[in-house]
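First chain written, first letter: the chains are A, B, C and D, and each begins at residue 1.
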Amino acid sequence: MDYSQFLLMPQEVGLLLVFLLVFIYDTFMPQRSQRALPVFTTVLFAIYTAICFVPCEVGSAFAGMIETNQATWAMKNILNVGMLIVLMQAAKWTNEEFMRVRRGEFYELLLLTLFGMFLMISARHFLLFVIGLETASLPIACLAAFEKKRYESHEAAAKYVFTAIFSSAIFLLGISFVYGIAGTLYYNDIATMIIGQKSTLLVVALAFVIAGVGFKLSLVPFHQWTADVYQGAPTAVTAYLSVISKGAAAFSFLVIMAQVFGAAYSTAWEWMLYAVIILTITIGNLFAMRQHNLKRFLAFSSISQAGYIMLGVIAANTLGMASMMYYVLVYVFSNLAAFGVIAAIERQTGKTTTDDYNGLFKTNPWLSFTMMLAMFSLGGIPPFAGFFSKFFIFVGACKTGSVAVYVLVLIALVNTIISLYYYLLVVKAMFIRQDDCAIPTLKSSCGERAAMIVCALGIILIGLASCIYTSLTEYTAAIANIFSQI
Amino acid sequence: MDLTLLMYLIPSLIMFGCGVYGFLTRKNMIAIMISLELMLNSIDINFVVFNRFLFPDQYEGMFFTLFAIAIAAAETAVALAIIINVFRAVKNVDINEITKLKF
Amino acid sequence: MIFDNILIYFAIVPLLTLGGLALCNNKGIKAIRAVAVTGASVLVALALYLVKLFLDARGAGDTSEMILRSDYMWYAPLNIKLALGVDGVSVVMILLSAFIVLTGVFASWKINPLPKQFFLWFFLLSTGVFGFFISIDLFTMFMFYEVALIPMYLLIGIWGSGNKNYSAMKLTLMLMGGSAFLMLALIGIYFHSAADGNYTMNILEIAKNNAVPQSWQLYLFPMAFVGFGVLGAMFPFHTWSPDGHASAPTAVSMLHAGVLMKLGGYGCFRIAIYLMPYAANVIGPVFLTLTGISIVYGAFSACVQTDLKYINAYSSVSHCGMVLFAILMFNQTAMTGAVLQMLSHGLMTALFFALIGMIYGRTHTRDIREMGGMMQIMPYLGVGYVIAGLASLGLPGLSGFVAEMTIFFGSFEHPDMFHRVFTIAGASSIVITAVYILRVVGKLLFGAVQNEHHRELTDASWDERVATAVLIVCVAIIGCFPNFFVNIITDSFLPVVDALKNAM
Amino acid sequence: MPLSFSIAVIAIPLLMFLFLGLAGVKMGRKLTGVLGVIAMGVTTVIAYGVALTYFFDSSYIVDGVRKAVIVWNPDWLSFAKDYVVRMGIAIDPIAAMMLVVITTISFMVHLYSLGYMSDHHGNPEKGFQRFYADLALFTFSMLGLVVATNLFQIFVFFEMVGVSSYLLIGFYYHSPAAIHASKKAFIVTRLADLFFLLGIMILGYYTKSFDFFGQNGLTGICDSQEAAQSAISMAGGATFMGCSVMAWALTFIFIGGAGKSAMYPLHIWLPDAMEGPTPVSALIHAATMVVAGVFLVARLFPLYVIEQGAMEIICVVGAFTAFYAAAIACVQSDIKRALAFSTISQIAFMMTSLAVSSANGALIEIHGGYGLGYMASMFHLFTHAMFKALLFLCAGAIIHAVHSNENSDMHGLHKYMPITSIAFLIGCLAIAGIPPFAGFWSKDEILVACYEKGLGWGLWMSAVAGMTAFYMFRIYFLIFHWKEHKVHTEHKPADQVWTMTLPLIILSVVSVVAGFVPMHDLVTWDGKELHTQLNWTVAGSSVGIACVGIALAFVMYFKENALPSKMKNAFSGLWEAAYHRFYMDELYQFITHKVIFKAICVPIAWFDRKFIDGFMNLMADATSQAAYGIRRLQSGSIQGYVYLYLIGALAIAVVGMVCVLM
């Protein structure tokens, strides 16, 4: 075995190193220095994230099972940034009393899931993908159940674990059909085997694969765990789940759809996805409209956002892919900003409903400001980043030129109005409504504050600084061959 | 009589169907867990059979099955742990007990 | 370098003002006002300087479609540029906006609570407005357009009155709904902007390429037109306007009716018609019908309202309908009239809303049935209101008259029955306008004092006098010297009219 | 005096308006008034200078034709490169005459108002400065109207005089009646202006020019008969509903003029306009603004004579209005209203006179053109302005003295107000057409013109002239004679201060002598001198009819007697109808309130709120209802989730299969 192959996956290796160091610290350091674990992890991860921005070598390793290219590198970096923000936000929370014994586990599981996602992104073989998928999803069930005192936490975990296993069973069934048709599990080989095939089995397999990954992405109708788990899980976990996990799944979904099933694009999955996207955006929005619990509200909002992300997949071109990655990046900042505020408030007051936020601006102007930025960005209001990402993803989708996609984009656009409505409800609560017993002025921790500043800056600057999107298009242009089948 | 591909696939499909049916109808979380196992195992059969009958000159399906079994085990472990957690919380393993979060 | 072009300062100055305001102390009302007034004054100065530059350029024989052109690549993969350039129409619109912003600042001199935040949003809105008028790239235009829309929500929601939550939400959602259609239209135009695949967002290039297929135009034109039409209060998409205006604080109503609604008309001709002339010719009559309805319908609706702001909102529907109506006449005269009408309506509606705000600030009611004899109590405001009313009903010497006349005479150039009928219907609005204006003037200002408490009210303070006086002078200048503006504006329509002719 | 001084005639009132309007409140009442009077006096002097120069300087006569002179004519608004509206000053015979009329009356009114407006029922009048500013504005607008170089400018100043009239009628803005009257005046004339606008639009569409007089090589539409003919022919014979478009245009323009000149059925605003201060009524609603319509038709006379159809309409409307208004004037008890109807009737005389002047070709040979009626009309305009202003100012003095408009409160004032009484009598004699007073000369020419059109027209108008004499003397006797009102012994009404009396005296003198102005030499439609002579048959008969009218009035009203009430009872239906102005106001009231307001505006507003807005709200409601309706999908049960998951997966498989099969 050629160990130099590991050099082709520096981010994974680096992440494992971080994991190991955290593990060692957790296991061997004395109890009194355990309180420094969050800071240790965060700093370590920050260093790692910074190092990862060094461009890496491009190529495939382990007999082509894993591939590193600029797009995967960029995607992993995006996830790293998101992870870093989550770690910063969680630092204070993990130091609370009830987390004392589980602090280490929290970080270890979190890092492991990230590792699983990296595998999903880089995998070019279904075995590796499945391993990545399961690595990314199982620990989350444990993380969701972390807050032992809260009943919702348990319910969330149970719902997650059962539906996740069911979903992966469906997914595996789909894979088994694919294997039955193609006789191989390499992406490229499957693609060449299924050219011209119009078998029913393939379509069923495709549907099951979409369902399996759609579950991670919370596409409607595979989304129903999302709201309950988001609401029940600890906020840090929810934040993590809503952005990082979604981003990784979206990217790998695009790779699978394009690279493996590219030949079936126009005949089958374009339309399957078409239906799913309409449902996802609309149902997500409709549910989000009437939520009062902010975490649950953001869950439905993230479902609808997933629909928008899928527009980048249905585009099935490099522009769409770049737009999708960009969308995820913006989404990371916007959603984490929102969760950052929610977490900060929940940690100190335990309040999570919209009504609790009435008059927040009077008492906590900066928190409100950050939340407003997040809401505007999610709603796609310029000059915040969300506007750009939405525009680009629509442009990417419309590049296909088909009238059907234009109609789809129109539906998506009409849905933005609904989404704007509920985002504005939050803004309204904070800025317009008055409440005599508003949440008192809070003092956020350094980590939370830093995370919020990073997010706010990201929301304001990412859109205006065009270099990010430009480089993403370059990265995806470099792997244009994955769309060769379409 | 030679055993053909279908002769393996049909029982596997039935197995999967049983699993799904069990998942949808049982009230006990443990029973649901078992249904899930049924589903996962039927998939394993699929892989093995496809490999054996269609592509006998390589072992990808077999390997996949091995990994799948391991993953299934891990899933079961996590699921059981969570069921225990739930039991501690609601003193029950009835799936209908945990429907507080909805709408 | 981007800072070489004077146009960019129209976006930078409001942003700097924003920054300056952000540095102010929440309590330091004097500093806040100083920053706001400085920013607004600089904008006015810049706008006047721009007019001079424009006149110089035209005087020197520069006949290019846009002057002060420069492109700065922004999003290279999509060929999105920050493309700047102005023609006569943009110049006068910028001038209008600058004056409205300045008077808006004065009109919100005593805004309460949270003055700092108010001005922050106010200037963000201004940034959007100015950005829209200086840019000629579809994407940047659209971006600035939306930047201008969203602050409305908070401005109305926080500082508004009455049923403000409902109104603010309705306004925002309806306008955003319009812009949703607009966005799709822009994307559609973009992907058909060039026959050779070098897609561009630059309006001038798209118009030059003239590559949008006719079949696509038929779909994209209605979307673009409705998108802007919603903002231009076109029937039946106007219903945000009465509620929105009624709830908005004074300066916001001013800016919204005065400038923001103009974005609609401006966008209609600059994007919808200019880039898709074929569809404009084909579908134009449909929208002409709608706008014709707007004019009469708005005027009739205004006749029965009792809330001052509703009266003006419906009056705006009527007047803005006239803008779109004139644009859809597709000839230079009527289109010039449309821009004059935008200027005129912008100024006089701003004046109206400023006065209404001042009256409301004193009486705490806007119901004309509860007021009367205001002329005796606050003669300055009363006279201002009469002047605004006269401008609105088209008194010669004030701006409304020249605008309406140019529109009617331009519209009448179409010899066919369809256009004639609508022209005459539109012209008949001058009578209905007189009816509702005189009705409100009679009830509000004249007659006996309805409420004895009103006798204790004071007349305008100096900041209010500045705001109204500036607007009245502007209205009178346009009304007395229309040719100055016509000469700036009218040549800008040559390319559009040519495009329309060629597409027939 | 060079004609360019006419710029000052326009500019001084405008500057006065701006100055008094802006600085008036800071100035004392005395100062304001004196300043206004002086400014107006200067204007008057200059206007006389200009007019006299124009009329008596032979350099303006080329080939026996008095040419129009364009003093100043800059571009104002360009519709297109060669379709330009200009604003300027053109002096031609009627403009010069109007300058004289307007400045004279305006000056008189300015002077008179010093006294009249100084107190209101004993209290200092509020808004004295505003009054003078508005008067200046009106004077400016009216002057701008008459010196207009083009049709569009006339339209512009039509609007301006409309607004100043609105402001002045509504001067007593705390009185509901005044507000209502001002609103009515404005809206009715606006409606007429709409037609005017349409007329201009049609005319402008075909001729691409609004100019009356040629300049810089262009010809104007009123330069000569040929120019008018070529302007008309630019329409290329286009017709609309069987009539030529130009006839439509000219009719529409006439409607515009009819609104201002209070022709039936657009006359309803004028009686109500008497709610304004009396000097205003004298200036605007008797002498100047109300003749704007006559002026307009006179201005476009070369066009009208070509389009006979339009002329016929004017003729009929004018003749009917003359009679109709005279009939109403016979029974009014409010002296200002009676005078107002008299004004309507007299203006209708002028209109008719204009319209009959193109009756038939034979006339051209006798009178060297169409122009007798035209000249007569302008002549009557001139004289009428003088004596009607006089009558109104007298009425103002009386009202000021007795604080009432009703003649029942006045009876027998002769003893108390001798100067006013004599002045009023002179006015009445003038309007009745008794020689040698001014009205005789002008009315006589009108009747001649009417007789030349046809005997019927002549008789009709003569009858109206007789009614005129009757109702004027009815008013006179009821005010100054009849049985003396007993209140007078306590209040002792008297002739007013000199500022009010002096204008009466001046105007009385003018009313006596104005008839001797050689109008037929100066003001003719084509600029040539018109040779006329007194037609003794017509003159004699009209004087006779007038005398009959006066005699009848004398019998009925000089001394208290039962005759009037007997007559009233005998013709009670007719009397009631005439007293209520034949219910035209009620008709308008019905149309505006019941039809337009209740049947159009209210339903539209309701439709807007309920349907259009309702639809938007419905969409929002439907969305939130849908959101509520589908909430059960999220049942909270794991098995429910999985169930949907499975259905979803299978459903998209079906979608895929359908696609594959297709």
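Quick note on the criterion: a residue touches a chain if its C-beta (ideal position, glycine included) is under 8 Å from a C-beta of that chain, and two chains touch if they have at least 3 such contacts.
This structure is a prediction, so every number in the text was calculated from the model and none was measured.
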Most remote chain relative to chain D, going by C-alpha centroids?
B
Looking only at C-beta pairs in contact, point me to the busier pair out of A-C and B-D.
A-C
I'd like to verify one number: the distance from the centre of chain B to the centre of chain C, where each centre is the average of its C-alpha atoms, in whole angstrom.
65
Centre-to-centre distance between chain C and chain A (centres being mean Cα positions), rounded to whole Å:
42
Separation of mean Cα positions, chain D and chain B [Å, integer]:
97
Centroid from C-alpha atoms only, then distance chain C to chain D, rounded to Å. What do you get?
37
Among all residues of chain D, those touching at least two other chains are 631, 634, 636, 638, 642, 646
Got the chain C residues that touch at least 2 other chains?
173
Multi-chain touching residues of chain A, meaning two or more other chains, are 158-159, 162, 166, 227-228
Each pair of chains that touch: what are they?
A-B, A-C, A-D, B-D, C-D
Mind listing the chain D positions that touch chain A in their complex?
623-624, 626-628, 630-631, 633-634, 636, 638, 640-642, 644-653, 655-660
Can you tell me which positions in chain A touch chain D when the two form their complex?
158-159, 162-163, 166-167, 170, 198, 200, 203-204, 206-208, 210-211, 215, 220-222, 224-225, 227-228, 267-272, 275-276, 283, 286-287, 289-290, 418
Chain C to chain A touching residues, read off their complex:
74-78, 80, 139, 143-144, 146-147, 150, 153-154, 157-158, 164-165, 168-169, 172-173, 176-177, 180-181, 183-184, 187-188, 190-191
Enumerate the contact residues on chain A facing chain B in the complex.
126-127, 130-131, 134, 138, 141-142, 145, 148, 151-152, 154-159, 161-162, 164-166, 168-169, 172-173, 175-177, 179-180, 183-185, 227-228, 231-232, 296
In the complex, the residues of chain B that touch chain A are 16, 19, 23, 29, 32, 36, 39-40, 42-43, 46-47, 50-51, 54-55, 58, 60-61, 63-64, 67-68, 71, 74-75, 78-79, 81-83, 85-86, 88-90, 98, 100-102
